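First the structure, which I've put down as C-alpha cells, then a few questions once you've had a look.
Note that the chains take the letters A, B, C, D, E and F in the order they are written out, and that residue 1 is the start of every chain.
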Amino acid sequence: MVFVTRKSHFNAAHRLNNPNKDEQWNNDIYGKCNYPNWHGHNYTLEVTVAGEPDPETGFVIDLSRLKKIVKKKILNPCDHRNLNTDVPFLEGIIPTSENLVKAFFKQLKDDVEAASPKGSVLYSVKLFETERNIAEYCPYKTI
Amino acid sequence: MVFVTRKSHFNAAHRLNNPNKDEQWNNDIYGKCNYPNWHGHNYTLEVTVAGEPDPETGFVIDLSRLKKIVKKKILNPCDHRNLNTDVPFLEGIIPTSENLVKAFFKQLKDDVEAASPKGSVLYSVKLFETERNIAEYCPYKTI
Amino acid sequence: MVFVTRKSHFNAAHRLNNPNKDEQWNNDIYGKCNYPNWHGHNYTLEVTVAGEPDPETGFVIDLSRLKKIVKKKILNPCDHRNLNTDVPFLEGIIPTSENLVKAFFKQLKDDVEAASPKGSVLYSVKLFETERNIAEYCPYKTI
Amino acid sequence: MVFVTRKSHFNAAHRLNNPNKDEQWNNDIYGKCNYPNWHGHNYTLEVTVAGEPDPETGFVIDLSRLKKIVKKKILNPCDHRNLNTDVPFLEGIIPTSENLVKAFFKQLKDDVEAASPKGSVLYSVKLFETERNIAEYCPYKTI
Amino acid sequence: MVFVTRKSHFNAAHRLNNPNKDEQWNNDIYGKCNYPNWHGHNYTLEVTVAGEPDPETGFVIDLSRLKKIVKKKILNPCDHRNLNTDVPFLEGIIPTSENLVKAFFKQLKDDVEAASPKGSVLYSVKLFETERNIAEYCPYKTI
Amino acid sequence: MVFVTRKSHFNAAHRLNNPNKDEQWNNDIYGKCNYPNWHGHNYTLEVTVAGEPDPETGFVIDLSRLKKIVKKKILNPCDHRNLNTDVPFLEGIIPTSENLVKAFFKQLKDDVEAASPKGSVLYSVKLFETERNIAEYCPYKTI
C-alpha cells in the first residue's frame, strides 16, 4: 500500500464559539480563541490518498489532479475567508481543527476517489492550525 | 558588533483596506486581502538587537528580558486579536506587513534600549506574514 | 477517529551509557554519544490523543489542558536538566529516544486520559532528538 | 511497539516518461515532469524501523548502523545521479515517488532487518520529492 | 527603509562543468557536481525589494505584482528545466549558485523597479540550492 | 558582492555561569541556564563568506573546502562535547551564543580566507541555539 500526500496552504479568520451556550461557558472553554473580533491562521493542509500505483503511470493518484480538487473544494471557498461566516459547507460547524478535518474529509472524498484508479481511497486529512496544534481525521487508523 | 534575535509567534485577523478610498480602488489594490469578513495569519516576529556583549554576562541583551518586552508590547495586544479594530497602537494604520514592522519597531525601541547595556540598539524588526511574504524594518541598512 | 497533536520543546543534556557494562562495550555501542562530559539536544515532543470530538466543544481534548499536562509531567522535570541525573521518573533508564518515548507515554497516560472526554486515549508520543533522529511509541500501531 | 526514523537527503535528476507510450500520452499524463532535458529535486528520505528496544542498549536499531545502510544502499547509488539512467536497481522503473518508495523499501529490507535485534522490521519508507509532494510505502498500514 | 521579500520555489536539473577546461580539472573542482548525467535541486528563491511604503497602499511593492514578475522572468524559464541547456538567459554561464543569483538579479532588476513606487530598488536575490548551501547577491551590502 | 553560506549542525552540552560571581548573581542573571548539571542544544551554525565569484569556477569559495574547515575547526572540537569543559579554544569563555559566535569567527577566519580566492572574506557567523534564540557576529554590519 502506497500513501501519497499533497500539502497546501490557506489563510483564514475564525473564532471558537458555540452559539447555543452563553458567554461565560464560551470564555471558560475557548479562552482567547473566543475573542469576538476574530483571529486567524496560516493553515497547512495535508491530504493523503492510499492505493496501489497504476502500472502504466506509476501514480496512486495524479497529484496535479489532486491539487486541483483540493483547490476547488477547500482552498477556493476557505482561503482569505472567515470560516465562521463565509464557507457554505462549514455552516453550523464550530471551526475547531477537529471539526474542520472531518468536514474537509467529507468535502473531498467523492471527488478524490472518482479521480483515483480503482481501489484508491482518501486516507486522511491533516490540518496544522499552527506549528504546534495539529488535527488529523483518518477513518482507517483505529485504537 | 553582535546581533541577537528573538523569534516569537502570534495569530491575528486582519484585512487590507484604505477607508479613504472607494471599494473599487481597494479591490484593485488589495484583491482577496480586502475581503470584508477578515482573514488571518500565524505571524512570526523576529526582533534583533545589536551591540557588544557585556563582559560579565556575555549578553548583548538578556533574551528573557527581551522576550518579556516583546510579550508586553506586541504579543499581548496583538495575539488572537483583530489588527484593524483591536490594537490601540495600530489605530489608523493599514495593517500591511510593511506598516506593521514600522509600528512594531516604534513600539519596542524605548523599552528594548532601556533594557540593554549602554550602546546596544534595536536593530531590526522582521515579520513573516506567511512563509513566503516577509517584511523587515531596519534603519541601519541603507541603499 | 480524530487525532490531535500538541508539539512542544525542551532542551536537555544527556549521555548514553549502560552502567552495567564496561567502557569498551559502551564506546563500541554508543560512540560519541558516550562521551563522559555530556552533550545535549533541543528535543521536540509530539503528543497525540485519539478520540471523537465532543459535540458541544468540538474538541477531542482541550489543547490548553493537554499543554498544561505536558508542561507539568514532562517539560518541568526535563527542561534545562540532565536526563541521566536530574529526572526522578527516568532513574535507571538509559536515555535513548526509544526509552524516552516509552517513559514519557507512561508518565502522561493517566493525566491525559483523565482530562479527555470519555473514550479518548493517549495515542502516541513522538520525540525528535535531532531533525534526523526520531522515535515514536504508539501501542495502537502494529506490525 | 517503538518506531525509530532516520531522515536523510539526496539530490538527483529525473524525468517522468513511460517509454512504452507515445509522446502525446506522456505529455498528457506527466506535463512538465516529462520535459526531455530532465529536472531534479532535493529528496528527503525517512526510513522507519519498528520493534522493541533492546534492554541492554535501549535501541530498536543502532541509528549509526541504519545510517550506513541507507548510505550504501540508497544515497551512494542515487545522490547527484540521474534516477532514469544511472541507478541499477531502478532500471525499468518510472521514477515517480510512488515507485521510488517501493524500490527503496525492497532495496533496504534485508540489510535493515539483518542489522536489527530479533523481531524488528523495516516499517516504512517515506520520500519527500518536494515540501508539498510526499509518498510513503508501508506494508503494515491497511485500509 | 523597509525590505519586503517574496519567497518562491522551482525544481531544475543542472551540472557544474567548465567546458573550457578538461575533465580532470572539472572533476577536481566540482567532484560529484560534475557527474555527466545531471542532478537537480528544489531551489528556493528569495527576492527582496527595499523602499519606503507608499502612504496610500502601505506597500513597498505590491507582492502580487512581484510574484508575477518572478514567475515570468525566473520560474517560467527555469522550473522543471535543465539550467545548463534550456534557459536562454543562462547561456554560457556555469550554474553555480553564485552565478545564478547574479544572473537572476540582472534578469529581475528592470521589471521589479518599474513596478515599484519611485525610489524602491531590487535589494537582493538569495538562492537556497539545498537547506545547507545558500548564495545571495546584494549590491548594497559591502565589506 | 556575492555571499555564500554553509549551514551545519552540532549537538553539545553547556551551562551559563560566571565563575567570578557568586551563585546568587548567577541565578539572577542566568536562571535555569545556570542549572548545575548542564543542559544542551542542537546548534545550527551558518558561516558566510563574501567575495566575487572566480570567473573559472563560479565559486566565491569552494563549499566542500568550507565544509571541511568548519568540520575541522568547529564541529570536531564541539560536537557531542561540553562547551564549558571540553573545548580548548573556548577555555575561559562563558558559552552564551554571543560569545560563541565571536569565538567561532576568530577560530575560522584565517583558514577560510586562506582557502578563498583573493579578496574574499569571512563575512559572518550565525548560531541558532534554538529555533527562537539566534546570535550573529558580523564585523561588516554597522549601526
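In this section, a contact is a pair of C-beta atoms (placed from the backbone, for glycine too) under 8 Å apart; a residue touches a chain by one contact, two chains touch by 3 or more.
It should be emphasised that the depicted structure is a prediction, and the values quoted were computed from it without experimental measurement.
Touch-path distance (fewest steps) from subunit A to subunit E is 2. Chains that touch both subunit C and subunit E: D, F. In the contact between subunit E and subunit F, the residue numbers used by both copies make up under half of all numbers at that interface. Over half of the residue-numbered contact pairs of C-D are shared by just one pair in C-F, D-E or E-F, which is E-F.
The chain with its Cα centroid farthest from the Cα centroid of subunit A is F. Chain centre most remote from that of subunit D: B (centre = mean of CA atoms). Taking each chain's centre as the mean of its C-alpha atoms, subunit B lies 28 Å from subunit E. Per-chain CA centroids place subunit B at a distance of 34 Å from subunit C. Each of the following residues of subunit F touches two or more other chains: 131, 141. Annotation, chain-chain contacts: A-B, A-C, A-D, B-E, B-F, C-D, C-F, D-E, E-F (touch as defined at the top). Across the complex, subunit C is touched by residues 9, 11-14, 32-33, 35, 37-42, 79-82, 85-86, 130-131 of subunit F. In the complex of the two chains, the subunit B residues touching subunit F come out as 1-8, 50, 53, 56-60, 62-64, 121, 123, 140-141.
The residues of subunit C lying in touch with subunit D in their complex are 16, 18, 20-21, 29, 31, 93-99, 101-102, 131-139, 141-143.
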